[in-house]
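What follows is a set of structures for review.
Both complexes shown next keep chain A, but they swap its partner, so chain B is in the first and chain C is in the second.
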Partner chain A sequence: MSIQIKNVSKRFGQFTALDQIDINVDTGELIALLGPSGSGKTSLLRIIAGLEAPDHGSILFHGENITSVNPKERGVGFVFQHYALFRHMTVFDNVAYGLKVRPRKTRPGKQEIKEKVKELLELVKLEAFAGRYPSQLSGGQRQRVALARALAVEPRVLLLDEPFGALDAKVRKELRRWLRKLHDEFNITSIFVTHDQEEALDVADRIVVMNQGKIEQQGSPEEVYEHPVSPFVYDFLGNFNLFHGRLKEGGLDYGQEQAEGERGSEPLKAVGYARPHDITIHREDIGGECIKAVVHYIHRVGPVVRIELKRIDTGEFLESEMMKEVFKELKLDAGEQVYIKPRELKVFIPEDYSI
Partner chain B sequence: MAGHVPMTYGETSVSRKTVKGGSPLIKWAAISAALGFLLLFLVLPLMAIFVQAFEKGLAAYAAAVSDKDALSAIKLTLIVAAISVPLNAFFGIAAAWAITKFHFRGKNLLMTIIDLPFAVSPVIAGLIFVLMFSSHGLFGDFLFRHDLKIIFALPGIVLATIFVTLPFTARELIPLMQSQGSAEEEASMTLGAGGFQTFWRITLPNIKWGLLYGIILCNARAIGEFGAVSVVSGHIRGMTNTMPLHIEILYNEYQFSAAFAVASLMSLLAIATLVIKSLLERAGKEQAGIKELKE
Partner chain C sequence: MNKKGKGRAGRKGVLPGFGLSLGFTVFYLSVLVLLPLSTIFINTAGMGWEKFFKTIFDPRVVASYKLSFGSSLIAGGINTVFGILLAWVLVRYQFPGKKLIDGLVDLPFALPTAVAGIALTTLYVPDGWIGRFLGFKVAFTPLGVIIALTFIGLPFVVRMVQPVLQNLEPELEEASASLGAGRAQTFWRVIFPELLPAALGGFALAFARSLGEYGSVVFISGNMPMKTEITPLLIMTKLEQYDYAGATAIAAVMLVISFILLLVINLLQWWSNRRYLEN
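== the complex of A and B ==
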């Protein structure tokens, strides 16, 4: 089932939740809507499910306009942020609900429902919990019940709102992988909302980065991570270091001394971005645009060592990441003076810049 | 009445914990003060009712209770309750549903209006209906021409009772439904259930204890309402007298033991209501408790 979102806008009073959103989702794709809270991602998901109506624009399922179709007829599976399990029903009844409420003509028989639910509970590994109530389950178990319940109606589209938001880190990772597997097995079209960039990069085929009701960028995880089109996307997809400087031919002058110089006529101010793992540390000045810095603090836990540095010229803090082996070779200590150089610097030209 | 606390599930386990390290002296002082107060202002008067009721013996009691007018008052009271309580339950559900599940203009106004009967004196509530439906009232001409009787008849008493008991169910349900949110209803919709199915299978089971509790309180008030009913009833013996009005008449006629005999019946009704209420509370807690056993 392909989904087309055409020119969708939605306002809540004075607040613009969505501003002319266009997204095409191919059959079988797993899409992440990534953005901070208030970026409109959940509103968009609710509009796709029919729980909210757009002010403008339309939603097409497989080329068919379903904008005014009731949620109960859309055939979507929706997994709510806090699961929204029916608290007065057992796990079994929760999963069976979608089948039990069908009109008599299409409703499966009792035995059939029982088998189907059993099958789904096996899939989510909760066979032993069929008789329990939601409040007797852990967060991860509830999440799996919510998924099984959504899948019971054999939806054409699976929508998940912050599916792993309320779980602890370990369960989250496990469920993430499991969701990917499930998506591939069921060959279903899925869209999930998240504010966790790691989750989006890890699971999705394609990421749609949203900000203030608009799409900032969409593309594969590699594309958005390696080639962010705006400072916002760069910022949102991971840690970064800022280098203030002035534009020059072929790059950015970020060394304080040069930047202060009188070279050229009115060089344009700009900001360069570098990921921590792209900041290299050297004991000697290796030429080029090395910056002097002092090692401020070293986080050694884990395979990656994080080093906080303080620039000597501007006093700004930078962060570098390196593998433990590299770190051991360097033999750094706090307080030492080093030379740093960004391996790669992403420069965004300010919007008001014109030639 | 205005200060009753809605039933809460889940948090009870916290509030049950005793404070450790508190002085036993303070504890016993607090307990005896509370008990003493209850004894003085609730138990003693209640006992006085029964003592007075049986003062002239069992036969006099039986006579007072089985008196023609008394029976008619009991019957009228039960009829009024039977009509007004279901209507109020229906209104309460509808209002709470509208307020908690939808966004619309005038929502706050609606909530304020629901509380109005709590703020208005019952006598004024009664007078409102007299002003509207009496022969000199707003609709007096119309009613007279069509030979419809509202004031000094059953419809008036029912109207006044509904007015006075209006907030009970709604007030009980609104906080409950607000805390539950509408995510479960939305989940039900996306799973293919229609509006009625969603209400019947999801909303109603979730609010049933709160609803029953509201109905019980509403019922107690409907039976006991005096002020508003007194204004619209006309005190016609054997016809428009409810139990509280009948008691007042008997008392004013110096038939003390008869008055107290009927009053004792009402007290029994009140005690039964309280028992049912606490049973319901326990059932609600148990239901919540079972589910939280393993948490």
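== the complex of A and C ==
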């Protein structure tokens, strides 16, 4: 089931939650809506599910306009952040709910429901818990029940609103992998909302980065991570270092000494971004545009060593990451003076200028 | 809730004073509730079995039991249905005058019951404002008793159900709708079971209050022997005739029956609650 979101806008009073959103989702895709809270991602998901109506624009399922169709007829599975399980029903009854409420004509028989629920509970590895109530389950188990419940009605589209937001890191990782597996097995179109960039990068086929009701960028995880189109996207997808400087031919002049007063005309100010793993550390000045810095602090836990550095010229703090082996070769210690160089620098030019 | 919440063995709560507060509670309840109630049984015990049975199975008294318990149950039932409806309207919708209506709900609590009784009687007598439009008699029939009891029991269910409804997550309804359920199905399968324990609790309170109600009923009922005499009225009558033992005998019967009924309601409530309050 393909989904088209066409020019959708939504306001809540004075607040613009969504501003002319256009997204096309192909059949079988797993899409992540990524953004900070208040970026409109949840509103968009709710509009797709029919729980909220857009002020403008339309939603198409497989080319068919369903903007004014009741949520109950949309064939959408919705998974809520806080599970929204029916607490007076057992796990079995929760999963069976969507089948039991069908009109008599299309409702499967008792035995059929039983088998279907059993199958789903096996899929979410909860077959032993069929008789329990939601209050007797852990958070991860509850979310799995919620997922099984949503899948029971064989939805054409699966929508998940921060499905793992309320769970702890370990369970989250496990469920994430498992969502990917389910998505592939069921061969449905899924959209999930998250503010966790790692989650989005890890699971999704395509990421839609949202900010203040607008789409900042959409593309594959690699595309979005490697080629962010705006400082916001760069910022949102991971840690980064800032290099303030001036534009010059073929790049950014970020060294303090050179930047000062060498050119007659006023060069354009700009900011360069570099991920911590793109900051290389050298013992000697290797030429080019090396910056002198002092090692401030070293975090050694794990396979990746994180090093905090302080620029000598500007006093700004930078962060570098390297593999443990590389770190061992360098034999760094806190307080030592080193030369650093960004391997790759992403420069965003202020919007009103162009080169 | 913690099942072993007695706080004794080793586990210390943040606030001290378990011994003191429990001691006070027991003392307070004894003086205020147990002691007066026990005198009923002590007083009754003086009259001997034969006289006791003669008093409590007197046909006039038996008729009053039927009226009292029957009309209290019916009034409680009416209050449960319309109390849920009222609570629903007060929680779910915004409209001008909502606060006023919310305040009106408590009025039957505040009004002296005799005033309520006189007001209701004036309305429902055959030539009263409402009575003249009805083709049947209301005042001076069991129906009048039910109306009076419905009036005084109104706030209980509303006030019990209101907070539950307020705390109900809207996501539950959205989940139900996205799973394909219609509005009626969502109400009966998802919302109603959530409200049931609170509604039962409100019903129990309204029922208990109705059983003991005297002031508002005696005016509208007309107090015809065998027809519209409620049990509290018979107790009053006996007291006025200085038949203390007879009065307490009937009171004892009422007490035992209402205790059993309330116990059953509480068990029902516990049963409907049990599943999701575990842990």
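By definition in this document, the second predicted complex is superposed on the first by the 352 of 355 C-alpha atoms of A that agree within 3 Å, B and C clash if a C-alpha of one lies under 4 Å from a C-alpha of the other, contacts with A are read in each partner's own complex, and residues count from 1 in each chain.
Assume a residue touches a chain if its C-beta (ideal position, glycine included) is under 8 Å from a C-beta of that chain, and two chains touch if they have at least 3 such contacts.
In this text the structure is predicted, and so the values were computed from the model without any measurement.
Trainee: Looking at the overlay on chain A, is there a clash between chain B and chain C, or do the two fit?
Mentor: Chain B and chain C clash in the superposed model.
Trainee: Name the contact category of A:Y339: first (chain B only), second (chain C only), both, or neither.
Mentor: Neither partner.
Trainee: Using the superposition described at the top, list the residues of chain A that contact chain B and also contact chain C.
Mentor: Shared contact residues on chain A: 49-51, 70-74, 76-78, 80, 82, 84, 86-88, 97-98, 101-102, 133-136, 149-150, 152-153.
Trainee: Per the contact definition, I'd like the list of chain B residues that touch chain A in the complex.
Mentor: Residue positions touching the partner: 183-184, 186-194, 197, 201-202, 205-206, 287, 290-295.
Trainee: Mind listing the chain A positions that touch chain C in their complex?
Mentor: By the definition above, chain A touches chain C via 49-51, 70-74, 76-78, 80, 82, 84, 86-88, 97-98, 101-102, 133-136, 149-150, 152-153.
Trainee: In their shared complex, at which residues does chain A touch chain B?
Mentor: 49-51, 70-74, 76-78, 80, 82, 84-88, 97-98, 101-102, 132-136, 149-150, 152-153
Trainee: Taking the touch rule as given, give the residues of chain C at its contact with chain A in the complex, in rising order.
Mentor: Per the stated touch rule, the residues are 169, 171-172, 174-182, 185, 189-190, 193-194, 272, 275-279.
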